[in-house]
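Order of writing sets the chain letters: A, B, C, D and E. Residues in each chain are counted from 1.
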Amino acid sequence: MFDFLLSSLTFAGIYALMALGLNLQAGYAGLLNFGNIAFAGLGAYATGIVVQAGGPAWAGAATGIALAMALGWCIARLGRQLGSDYWGIATLAIAEILRTVATNEGWLTGGANGITSIPSLFEGLARPWNAVAFLAFVLGLVALAAWGCSRLGSGRFGRALRLMREEPKLAACMGYDLQSLKSRAVMGGAALTAIAGSLYAHYMSFAGPDYMLAAETFLLWTMVMIGGLGNIAGVLVGVLVVQAAHTLVPFAKDHFQFSSDTAGAMRIGLIGLILLACLLWRSEGLVPEKLRKIP
Amino acid sequence: MSEKLLHIAGLGKAFGGNVVLDGVDMAVARGEIVGLLGPNGSGKSTLLNIATGFEALDRGSIVFDGTPIEKLAAHRIVGRGIARTFQLPSMPTRMSVMEVAMAASTARHGVWDTLLRPAPARQAEQAARDKAARLLRELLLEPVRDLPAAALSGGQKKLLGIVCALMGDPQMLMLDEPTAGVHPNLRNDIVQALLRLNAAGMTLVVVEHDMHFIQSLCTRCVVLDRGRIVASCRPDELASNERVAEAYLGAAAHQRAEAAQEAFA
Amino acid sequence: MIEVRDVVAGYSREVDILKGIALDAREREIVTLLGPNGCGKSTLLKTIAGFLLPRQGSIRLEGAEVAQRTAPDKVRHLGVGFVPQTENVFSVLSVRENLQVGGHYLPRDKVAARMDELCTLYPVLGRKLKSPAAALSGGERQILALARALMPRPRMLLLDEPSAGLSPKVLHEVFDAIVRVREQEGVTVLMVEQNAMEALRISDRAYVLSMGQVALEGRAAELLRDPQMRALYLGGRTQ
Amino acid sequence: MLQLLIDTLLRASDLALVALGLSTVYGLVKFPNIAHVQIAMVGAYAAFALHAAALPLPLAIALASVATGALALALHVAVFQRLLRGGPAIAMIGSLAVAMLIVAGVQGFAGSFPRMFNLPLAQPIVLGTARISQTQLWAMSVTGVLLALFALLLFATRAGRALRAMASNAPLAAASGLQAGRLTLGVSFGSGALAGLGGSLLALSTGAHVQLGNDLLLPVFAAAILGGLGNPLGAVAGAVLIALAETLFTNLNFGWAVGRELAFLPVAYIGAASFLILLLALLFKPYGLFDREVRRV
Amino acid sequence: QDSIRMGAVLSLTGSNATVGEDVRRAVALAADKVNAQGGVMGKKFEVVIEDSGGNATTALNAARKLVTVDKVPVIIGEYSSGITLPMAQYIVKEGVAHINIASTSVKIRDLGATSFNLIGLENLGNKFSAADTWALGYRKVAMLAPNNAYGQGVAHGFKEEFEKLGGKIVTELLYTQGQSTYRRELQQMARSQPDAYIYTAYGQESAVINREAFELGLRQQPWYAILLSMSLSDTPADIAKGQLGMEVGNVYGEAGKAYAEAFAAKYKEGIKTSYTGYAYDAVLLTAAAMNKAKSTDTAAVQAALKEIGKGGYVGVTGPIVLDAERQRVDPPYAKLKYDGKVVPR
């Protein structure tokens, strides 16, 4: 049970990093990135490839972050003139293209089989302690990211992003370079998400094209929306709620003796239900973004 | 009065065959307050949009403070010292009035500055806060400073637009109908505020339809009609200019203008 | 014609914007609402038009209680025409289509004739029938918005700052047109204006609002003459 | 050549009806409804169930689309109308939730095995070198006729104009006396019915299965975006373009270039190809290929 | 604890839900059978089934729950290699036994000390089908397979084996799953004018492929399905008619027949995919091992599994013999054809 809890929390932490990355783009800057998971994919694959080639873990993560930020820069460029819905779908398309490449370029990515046997971090430690160390490491990163994000959000840069999110024209006439704001927001989000992707690859010992399924991005969106778009605490709450629901379904099934089709349906349905209920009754999320009062 | 701050030459613009600006030449000297007048649809806003980089021009040149700016993006032009307001202002729903005003300050907004907040960044923030508070007070927006900016009434949004433009200490301010929908009493306050800014060295270009406003503010008026400049004169000469009277003020303008003058005498 | 009593309304539950307003407009009258920015003029107009349902109070149109009826209903069945302060045209539709939508409930054969009438009244529109409304200048929009509302020959017009952004010439044309519409079609007009001097000139009566309440009311001519009134509300401060 | 055309049209008609409904709803209420493709999936199951209950196929399909229309209507009233108060992003994520619930519901109810229509096997019609089956011919004609009708409805009738007015500015439409409620309901019903029809026609060859909606999601969105969201006929054109791109991609022989008899681009990239087209198109026409809206500063 | 448990991770939702559900039925049937014979060590026997949702994370989570909460000694599953590999790696790392019942990637071999495998992996399957098609006289063939771990393995492996025999692959296509039509792919294959079409596809997709191949007139050439019963599971009989193919052995001998009948009797439907037999065997094998070890400790059960694997246990998929690497020796394959239903040829 302890192990299970550890791993659930570790997953939650990893997803929290991704969700914070998404929030930086979607919550602050209003960029509907539906391809966010591509950054995680880059992080995971970079880790897989570098580590398999004998490189150290940090080099894998760094490569992943660099690649993701480069991709982020390109995506933001693409956003120069696209309307936000259109941009969202364009990012979705980019993630799909990347996934197709990952599935087909076997020489680099191991094809549909993916890259296996990626060593975990802290393998030197004895049994429960390696998992504990991993969790502590992840949570540390989450705390750091949350602190950074909330600092960004309430400061000058965040203000610029939020203004761009709602009134881009006004922001431009105040002298903000929207293009650079966008690039920086997306690249920041990309870096966070890529770190998470790299951790994910280590934790699962595996990197595969399924990491980049559109459904994964939707899951991130679900977390962010349940919690509260634009609010750090909200995002973290959202991650916890979704992760808890995912974790609990198998137990609920054992407890109430559901049939397998029902249990399967429940796994998808429960998240849908929570999300819908949240949206209907608390459309700004469980912890909504507050108007920031300046004394 | 001799130094030309803004120099527009041969400006032309058409939207899909519809010629909106047709060879406009116009110069604004440092320290002037120029009123840009003209019938609806004559191209005033378009001129402003082009000058501030929000719209591309078809031909012509614009020189500001000695450098050509016609190819620059909007934010770069702002950086060079031209600020503007919009004719139809829209404001964000999830930012407070104060925040919007603060956002308009031109202090740096780097990621690292925001993240690490070194002393200079903190001081800049404090300065911006003081300035925003002062401007809001001057334009009677103090009571609504913590409301979402989008919840302001039409006129209040206009005022907030002016506050934003003033946050950046521009060399030149371009106002697109700053008082349409603003309460008359406040118009006088705005005139006073603008005159003060002018006295402190700011150059103004104002698009406006309210003749009282124009007359109490401007040092010179440029009248646009169907994309061409038809007059450039002192405000009090407007009513006697036939082209202007016919195209802009309307046939009965004389009597009405006089009646209005009388009423205020 | 229009009879508003003790109306309390607001956008959220907690905050009242209108705090007990009483106001009348008699048949064929032009009534102007004045007041500082944010005092609730637009809110009042929206409440009468049916976009906001009042929490309290009564609104009667031609004797019938209509406080809880919705905007489309009032427009279709009670002859109300409304021009909002902002976003008052369909920007993706052409000028022609804007007018046609305005005349959606006219009999089919009457639409074209009515459109011609309005285009002669406002030649700008005639010239731009095919262009999308989004391309219009601020003033052109204002005219289109008014014309759209006039399409179905309303009996009551609610205008939110119809003159904002109009050049003096057109402003006078618009005001003249309002007067003419009143004369020819017997319309009652309730309008919000910041151009107080101009508006009062064509109005019969006026109300001055302040903080969601009526601060002053009277005949337009008298208000125009009243120096205190001018000083406080009409911008006639000595210079 | 003819076969290429037929293949293109077949794939396009698979996507067109669903994309059309999606785009229309978007135009009206300004949010991309992710659950729309799942409604198509429900339509497929409904048509299957009715057909299995011994109804003649056309009737089964017609009833199924009425049923999905009703479903879309109910969803709109019960869910989206409320969500829309919070803005389009909320509504879009809400539609994601609804999509999950529909998938869960169908899986719980109908199980996970695909349901294949039991249709008599007829020899295809041969036109020169090209072949097309009768069912497909029917499905294509139905799609074509409906599309034409829809275009007529939208651009030549008052109701269509009212619809566009509402899409452009809902409060002002109310100020013009248009009953937002009824029109929106009508459109929701119509788009649901179109999706259901599209889904059932599709299921004639693929069968009704739980993944049907998910499989449609990306291509349908690509089509709708390519044509400009909110522009229903653009969506149809987008569907044709995507189908054409995919078909050309698989059929262009690059043998001459590499000195072999036959050489094709790898079909594994077929999906990527249509997305690439989408990206390129958006790069040059940021609001879709058929966007004519004027955006003023 | 009043019952004795083992675990299974199956794809009950997601794109392979059909297989998942079919296998779940077999697992339930097997548990019933064990209990009917008196359970394990006199106690009720139970298989805790978790959903993989068709993705690796959920599968891994499910496995984690089985290992750390339910503390089962043996876990069977998943289906697609892309999911089984990371999941099994975790299971093996925890020292728990994993029995592979459906994944065919060659990497399954290398999972490690506590992994067991009952099914023939790609390399064997490809060798078998290449030899079979060669024997049928095909020399120039077109190949169609899904673009996933399984399809890539089959396409590349078959090509290698077939070319070793001297044959030629004139087109090799990996189709994108979940399309509404595959006409374009089919036509591209037709342009290379092969002697025969070799394909493998999941039930619902191959229903579309088969129908369209028929409509395009491509059935004049022979069609050969790798994993015939999977490929034809949703294709109407009159379209499927005449196809040849091979299959990982599903049911075999007396035991197999009895199992197929019991399955049909319980679910009012026949077996749909070939993996059910392996799942059934895996459950029965586990129960037998627990009984033999008289323990539910995973190490003891593993030792017993190895022991039983030496002796040759007769399952519904035929005799099961495991080599030193815990891989099945001579996994069964069958040559089949479709003639109203799938029958041996």
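One rule holds for everything that comes next: contacts are C-beta pairs under 8 Å (C-beta built on N, C-alpha and C of every residue); 3 or more make two chains touch, one makes a residue touch a chain.
The structure displayed is predicted, hence computed values, not measured ones.
The set of chains touching chain D and also touching chain E is given as A.
Looking at the partners of chain A and chain C together, the chains they share are B, D. Path length between chain A and chain D in the touching-chain graph (shortest route): 1. Ranked by distance of CA centroids from chain D, the top chain is B.
The centroid of the Cα atoms in chain C and the matching centroid in chain E are 74 Å apart.
Mean C-alpha position of chain A lies 34 Å from that of chain E. Chain centres here are Cα means. That of chain B falls 47 Å from that of chain D.
Mean C-alpha positions place chain B and chain E at a centre distance of 73 Å.
Contact of a single residue of chain A with at least two other chains is seen at positions 103-104, 169, 261, 264-265, 267-268.
For chain E, the set of residues that touch two or more other chains comprises 12-13, 17, 20-21, 147, 174. Shown for chain B are the residues in touch with two or more other chains, namely 15, 45, 54, 86. The touching residues of chain D, counted against chain E in their complex, run 3, 7, 10-11, 14-15, 107, 111-114, 116, 118-119, 121, 124, 131-133, 136, 202, 205-207, 209-211, 214-216, 246-247, 249-251, 253, 262, 264, 266-268, 270-271.
Only residues 32, 78, 81-83, 85-86, 89-90, 92-94, 96-97, 100-101, 103-104, 169, 214, 218, 221-222, 225, 229, 261-262, 264-269, 271-273, 275-276, 279-280, 283-284 of chain A touch chain D when the two sit together in their complex. Residue ranges of chain A in contact with chain E, taken from their complex: 1-4, 7-8, 11, 103-104, 106, 111-114, 116-117, 204-206, 208-211, 213, 215, 246-247, 250-251, 254, 260-261, 263-265, 267-268.
The touching residues of chain B, counted against chain A in their complex, run 52, 54, 73-76, 78-79, 83-86, 89-96, 98-100, 102-104, 106-111, 113-115, 117, 121, 125, 129, 146, 148, 164-165, 167-168. Interface residues of chain C, counted against chain D in their complex, comprise 49, 51, 70-72, 75-76, 82-84, 87-93, 97-98, 100-102, 104-105, 132, 134-135, 148-149, 152.
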